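Each of the next two complexes has subunit A plus one other chain: subunit B in the first, subunit C in the second.
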Partner chain A sequence: MSDNPQHTPRARRGRAPDVFRPGGWVPMREYGEDETVDFAIVGTGAGGGTLACKLAEYGFSVVAFDAGPYFRPLEDFASDESEQTKLYWTDDRIVDGANPLQLGSNNSGKAVGGSTVHFAMVSLRFRPEWFKSRSLLGYGADWPLDWREMWNYYREVEQALKIAGPVNYPWGPPRPRYPYRAHPLNAAARVLAKGCEALGIGWTETPLATLSAPRGLAHPCVYRGFCVAGCSTNAKQSALVTWIPRALAAGAEIRDLAMVGRVEVDAAGRATGVHFHRDGTWHFQRARHVVVAGYAIETPRLLLNSTNGQFPDGLANSSGLVGENLMAQSNQAVWGLMDQEIRSYKGPPSLAITEHWNYEDKGKDFFGGYSYMSQGPLPQLWANTQMAARGLWGARLMSDMQNYNHVAGLKIVGEMLPQENNRVTLADEVDQFGLRIPRVTYSWCDNDKRLIAHALKFMTQALEEADARDIWTQEDDTCHLNGTARMGSDPARSVVNADCRSWDIPNLWICDGSVFPTVGGANPSLTIQAIACRTADRIRDLAGRGELDQPARRRYAAQTAQ
Partner chain B sequence: MTEFDTDRGSLNAGLAIAGLLAGSVLLLAAGRAPANGHRNGRAAALPPRRSSRKRPTVVAARRLNRAAGVLAASVLADSSVEHYRGSFKNKAMYTPLIVSASTLATSLHGTADARPAAHWFRDATYLTAAVSGLIGTGFHIYNVGKKVGGFSWQNFFYGAPIGAPMAILLSGLLGFCSERVRESRKGTRPEIFQLPAGRTMAAVIGAGLLGTSGEAGLLHFRGAFHNPFMLLPVTLPPLGAALLGRAALAGPGQQHRATRWWMRVLAAMGFAGVGLHAYGVSRNMGGWRNWSQNILNGPPLPAPPSFAGLALAGLAALELMEDHPDA
Partner chain C sequence: MHDRGRPEPRYPGYDVLTKRQGPSWNEQTRRVVSQRLAVPAEPRFFTPDEFRTVASVAARIVPQPDGRPPVPVAALIDEKLFRGASDGYRPEGMPREREAWRQGLQALDAEAKAAYGAAFHAIGAARQDGLLARMQSGDMTSPAWGRMSPQDFFKRRMARDVVLAYYAHPTAWSEIGWGGPASPRGYVRLDFDERDPWEAAEAGSGDAVEVRRINRHVG
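Take a look at the complex of A and B:
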C-alpha cells in the first residue's frame, strides 16, 4: 500500500504515525461511525487540535477530522520550498473585492496540525485592552472575554509549547517567565534592534514556538531556516507534535484525509454528526456535539454548506453574521540592502520584534495597532516578492537576486478593522467533493490604509537608521485570517458566545480564529489556542454541572433577565 | 551560538578531539601524580629529584600544580572548541589556546617536580596565565557590550561568556600560589603575600567556585534547566564555597572533614559533568552521529572539569592547613 500521506490515510487500524520516530506508530483508539462520540471536531489546527487534546484528557470521546495528510515531519519534509507547498490549502476559491486576498500559502494549511505545521511560530499575547477595544479604544467590537482570564490560558499554552521568549517582556502587564529562553538573534534581527534603538523605541526577542533546549524526543532548533516551509526537526512546536500526540495518548481518534462536507442537524435543531469524505466515499459520524474548527474560510463555508429547511441561511446564522467580518492582518514590509552580509534565512524568520505601536496610542492617525518583525524570506519566496511587488523580471530580477544575502526587511502584522462587507460567501462552483467553493471578498477600509501608511513610513525610518540603502516598500501583502463567526455577548450581533458555543444550535461549537471579533496587531495562534483551552475548561465545567445540553440562548435570556 | 555557522568542516572535529585528548593526558598525569608525593609514601610514579618528597609544602604545591593543570586542560579544550566555533575571527582568540597549553605543560612539570623551590619559568607562565585571564575577561566584556542591546540577557547568553576567561586566571593564581607554598622554608608558616597560604587559597578557591557556579548558572538558565541535573553545578559548588570560607576563617587545629568530603563530591561532579554534557550533545539533532556539529552546538564537554580543578585545589589547601595548622 502507498505510504504517500496525501493519497492514503495513515491514521487507521488502531494506530497513528509517531511523529517523533521515523517509521514509528503510536496506538490510537478508533470509534465506529455508528458509535455516537461526545465530540466530532472538524479541523486539527491551533483550535481543533488543542481542543481535541484537552477534551480527550478530560475524558470525553473525541474524533477529530482533518482534510489534510498526517505528515511525519522527520521524513516527509524536504528543504525545498516548492515541495513544501503541499502544506497549503490550494483547493479552488474565488477572491474578489477591492483588495482581493492572495490565498493558498501562509494564510492556509491542509494537514493534521493545520497551518501550525508551517506557521512562523510567533507566539504573542494580545494587548489586554484589545479584548474591550470598542469600550476602551473606540473601535471594532468588544470580546466577551476578560483579559485576566485569558492571561491564565496564555500561560497554559506557553507552557504546553515551551515557548522560547525573552526573560523580561517590555510591553503590557507582567507575564510569567517564558518556559524556555529566547533564541540567539540573527543578523536580520539585529538590524531591527539597531533601528529601534536609534528611534528610541523598545524591541525584544520574539517569543517563538520553537525549542531553544531539548524537550523529550524533540531536539532544540538547528536554525535551519525552513520554518515556514515545515520544520523537519520537530523543534517547531506545532499542533502536530504537541497537542495531537497528547490527544492520541488520551484516547482521541484523528482521521486524516477526511474532508467534512456537512454538519447534520435533526428536526429538533440539534447537530447529530458530520458527513465526511474519506477513501473515495462519504461517511457519517454520529456525535453528541460538533465543533467546527476549519479557520476563517472553511468554517463559514461548512456552516453555509450545511443548510436545511430549518436553517436555510446556514447553521448558527440567525444573526446573519456567519462569513462576515472577515479580517486579514496587514503584512506590508520595507526592505533594504546592508553593506554587511545578513543571510536572513539563518534561523527562524522573525527573531526580533517591536510591539511599540501595539501599545502606544499617541502619534497615530488610525485605530488599532501593529507589530513589526525581522524577516527571513527563503529564495523562492524572495524571487516571487521581487516579481510581484516590484515587477522585476529577467535580467533585472537575476541581478537583484544577487543581493539576497545582504537584504534585511521589516514586516508588520497589522490590525485590520472588522467590516461586514469583508466576507466569505458561497460561489456556485463546486470543488472535487461537489461542495460549493467559498468566495472571499476583501477590501481595505480607510483606517486600514492609514495604519499601513504609518507603518511603512516608520519602518522606512527604522531601516534608514540601521544604515540600510536602496530601501523599497512592499505595499500589498496580508496574513492570518480571522473573524467570520465572531463571539459576543448578544445573540443578535454574534455567532457564538464566550464559550465558542453557537447561539442557535446548543451542541454546535466553533473553535478557531473565526470567533475573533477583532484581530489586534499580533499573530493569532497563541490566542486561538488559549481560547481552545478555555472552551475545553468551560465544556468540562458545564458537563460537570449537567448544563452541557442547556442552550446557550436560554442561559443568555436568564442572564439578561437578572 | 552567535553566528549560526552550520557549515561545519571536519577540522572542527579534529580540534575538539585534540582539546579533549590534551585534557585526558593531563588527567592521566594527574592521576599518577598524587601517588608520587603522597604523604602515605605510596610508590612513586615519577622519580623524585630530591629527598624532600614528604615535605608537606611540596606535597601541597604539587597538588596545586595538578589542580592548576586540570583547570588549564579544561580551558585548552573549551577555548579550542568555542573559539574554533567563532572561526578565530580575531587573532587574539588564539591566545587562550597558547596560554592554557603552556600552563598545562608547566603544571605537568610542577606536578612531577619534588624540589622545594619555586621555578622562575613556572612563575612566569602562571603569572602570564593570570594576566591573560584578566585581559580575556576584558575582551569578553567588550564583546558583550558592543552588541546591539548591550549588557542584556541575550548578549550574556550568546555573546562571549564573561566568566570563561576567569578559569585561566584561576589556573594561573593556583599555580602562582603553589610556587609560594613550595618555596616555604622548613619550620615557617607557608605564606602568600604574607597571608597564611592555606586559608588564603581556601578563600580564593571558594571565590573561584562561586564564579564558576555563576557561569554554569547563566548558561544552564539559558537552557531553562530543562534537566534537573543542571541544578547540580549551581547548588553544590556554592555550598563548597561556603565550607571553604568557613575553613578560611576558622582557627587552627580544625579537621574540616566535611569540607574535604565536599571537595571530593565537587571533583566527582566535575568529571561526571563531562558525561552529562555528552548526553546533552546526544539530545541535539542527529545526536552523536552528527558529532562534528553537535559538539559545537551542545553543552561544552570540557567545561565541567573546571569544578574538579578547583575542588582538587581546595583539597590541597585543606591538607596543607592540616599539616600546617597556622597556614
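Take a look at the complex of A and C:
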C-alpha cells in the first residue's frame, strides 16, 4: 500500500478504490465544481450512501461527500482494536446534561460508508405500531410513514444486503425468508437462548448483515469477531461494499476526505450547493438539490452552522426543532461468569436476540420496548467496561480479566423517549476547519430509567436461569443516535416531511437517522436504509410528475385545505 | 473454575505472538503490532517528571507480575498523545486529551503534596491507591483541578487510557487467553467448551504438561 487514505483523497482522476481488490481501482465519473449536479449528498453512510446509489441508478447526477477516508478493507483493516479507531469520528465534541453521552466509538463513523463500516450488522425491522406510537401506544410521536409501505422497503434492503437470518422470525407480521441462511450460534448466543427458554420467551438467530454464503468477490464470514472494529474480509455488508460500488457503477461521484462546512442558500431561499474542504482548501460544488446525511450530530451541526441573514437560526429550522429530540438508545447490560468456556470473541458479537419486550406490552411500567442480544467484547472494550462501569482497577481488575473466556453477557437496545431538551447545539469553540463544534446535551427521563430497570432485572433473571454466577449490571451505556431533524406531517412540529424534504427550503433534504421521530428498541440501520430507498423512489416519482421543485409547504397547504 | 488471584498463569505457556507469521495474522496487523512493540521507551509528549507520574499511576491501575517484561503502559500512552489521538468527545469542563492529562497529573501531585507532603510517585503504593480511590469517587478539592472533575478525569481519561494501553499489548492478550488477531483464518469451533487448535488451552482443562505443550504450539 503506497498511499495513505487518511491523508490523501483516493477517489479522483476518474477512478475510485475497488473495495474488493487490494490496490484495485474502478472507474468513477467526475463532475466539475461549476457543473450543477442534480444532487450533492453530504455523508455516505446508511442514509447518504444508500440514497446516492438509488438516485444514480434512477439517472440523476450525484456527488456524495464524506469527511472520512475511502478504505479498501482487505488491505487497510488490521485485526486490532486500537488501530481501527481510525474508523471513528473523533473530531472535538462537548457532552453535558445529567447523563452525558459517550461519543466517538460505537455511535460514530468517519469513512466512506459511514458507521456501517464498523456497525454490529444487526438488521431489524421496526415493530409496525412504532410508526404510530403516539396514536396506538400512547407515547412519543407518530411517523408520517405507513408500516406496510416500509415493509416493502425493508424487503428491498434485506435483499440488497443479503441479510442472513432465521427461516421464521418470531415477532411481528409475516415477512419473507431472509435471503441468506442464519449464522450458527456461538456459546454466548446459546447462553441467551438458555435464559429465554427457561423464562418462557422467544428468541432467534439475529438477522445480520454479514454473509453466510459467498457473494461475488466477498467470502462468507469467518467468525473472526472483529466486526465492530471493521471487517477485513468484506463479509460485512456495509454501505462501503454494497451501495457505494453500485452508486459508482451508476455514475455517481464519491469525494472522500471532503468535509462539508456550509450549505449555501440564495436570496430566493433555495440551496445552491455546498462548501467543502478538500486538499487543504475550501471549494464550492453547485447543485440543484442538497441532501444532508451526516447522522444525528453532524446533520444538525451543518444546518446550524449554515446560518445566513434569511435563516439566522440555521437552515430548515422554522420549527425550532433542528438539533432537538436527540435520541440515543439505552445499551445497558448484565454480565456473568459461566463454568464452561465461552470465548465470546468468536463470531459476530450478537448472534442471538430476543425482541420479546419490543412486542409484549403487558407487564411493563414504562412506554416503549427493548430487545436484548448476546455479546462478544474484545479485550480493550471489555477491560474498559470493567473499569468504567464496574469501577475495577488494580489487582481486582487484573484478576477479573483472567475470567475473560468465561464471560457471557446480555445487552439491550432500548427505546429512549424524544425530549426537546436532549439536543445538539453549537459550542463557541471551533474545530480544525474553523467550524463551531457541537455540544451534545443528554439526560434520561423517568421513563428511560424505568425501562432500564425493567431490562436489568429481567436479564439478571435470564442469566441466573442460564447458570451464570458473579452477575453484575452495567448501567451507563448508550448506543445509536437519532432524532434532531424529525419527520412529520406538520411543518410547525417537524423539520422534514415524509419524503425527507425540509419544509422550509424546497431543495434541501435530510436523509439519515436524524429524521426519526421515535427510535424503538431495535438497531436503526435497516430503517435508515429503508427510508433512503423510499426517499429515492419519491424523488423519482416527483421528478417524473414535474413536482420536484414544488415546495413541500405548498403541498401541505393544499392537503390541509381539502 | 479457578480461584481468583492464583499465582499460576491461567494459560500457561501461551504467547499469542507465536501465531504472528501464521494465517491468523495478515500483513497490516503484523505491521501495526510491530510498531506497538517498538514504541520508544523515552517520552516525546510528557516531560520526564510527568512520565514518572504516569508510570506510577499505571503501576497501580494495571499492576503487573514479576518474571516477564512489563507492558510499557506509560510509553504507549505517551505515543498516543504524541500522535494526537482523540476519543472524539469530552465532558463539559474537561479540556482535550493532552491538556487534560497535563492538568490532571498536576492536580494529582498537588493532592499528594497536600495529603502527604510529597509528589505522587514518592508516597508509596498504599497511599497512591488511597489517592486514586479518592479521585475515582470525586473526593478531591485541589484548585489545580480547575473546571475538570476528578471523577471524569479518572474514568474518562486517566484510567481509560491506562487500561486501553495495557490491553493493546500482546502480553496482556496472552495473559487472558484471547485468540488475538484472526484475519484471514477466523474461527471454526464456536460452541461451549470448544477450542480451535490455534487457541490457548486453559490450565485445568487437561493434563498440565499437555496444556503447556498445546499452548507452545498454537500457531
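One rule holds for everything that comes next: the second predicted complex is superposed on the first by the 560 of 562 C-alpha atoms of A that agree within 3 Å, B and C clash if a C-alpha of one lies under 4 Å from a C-alpha of the other, contacts with A are read in each partner's own complex, and residues count from 1 in each chain.
Definition applied: a contact is a pair of C-beta atoms (placed from the backbone, for glycine too) under 8 Å apart; a residue touches a chain by one contact, two chains touch by 3 or more.
Just so it is clear, the structure is predicted and the values come from calculations on it, not from any experiment.
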Partner chain in contact with A:D80 - subunit B first, subunit C second, else both or neither: second
If touched residues of subunit A are counted for subunit B and for subunit C, the larger one: C
Which superposed partner A:P179 touches (first subunit B, second subunit C, both, neither): first
Partner chain(s) touched by A:T90 [first = subunit B, second = subunit C, both, neither]: second
Contacts of A:Y404 with subunit B and subunit C, given as first, second, both or neither: second
Which superposed partner A:S374 touches (first subunit B, second subunit C, both, neither): neither
Subunit B versus subunit C as contact partner of A:S330, first or second or both or neither: neither
Contacts of A:S212 with subunit B and subunit C, given as first, second, both or neither: first
Which of subunit B and subunit C A:Y223 touches, first, second, both or neither: both
Touched partner set for A:L101, first subunit B, second subunit C, both or neither: second
Subunit B and subunit C contact sites that coincide on subunit A, given as residue numbers: 184-186, 190, 222-224, 233, 343, 346-347
Of subunit C, residues touching subunit A in the complex: 1-2, 4-5, 10, 24-26, 28-29, 31-33, 36, 60-63, 85-92, 96, 129, 132, 136, 155-156, 159-160, 163-164, 166-168, 172-173, 175-195, 199, 202, 205
Touch list for subunit B against partner subunit A, complex: 1-2, 4, 6, 147-149, 153-154, 157-158, 221-224, 226-227, 280, 283-285, 297
Subunit B partner contacts - residues on subunit A that touch it in the complex: 162, 166-168, 179-182, 184-186, 190, 193-194, 197, 205, 212-215, 219-220, 222-224, 233, 235, 343, 346-347
Subunit C partner contacts - residues on subunit A that touch it in the complex: 1, 75-83, 85, 88-96, 100-105, 108, 184-187, 190, 221-226, 232-233, 337-343, 345-347, 378-380, 382-384, 386-388, 391, 393-395, 397-402, 404-406, 439-440
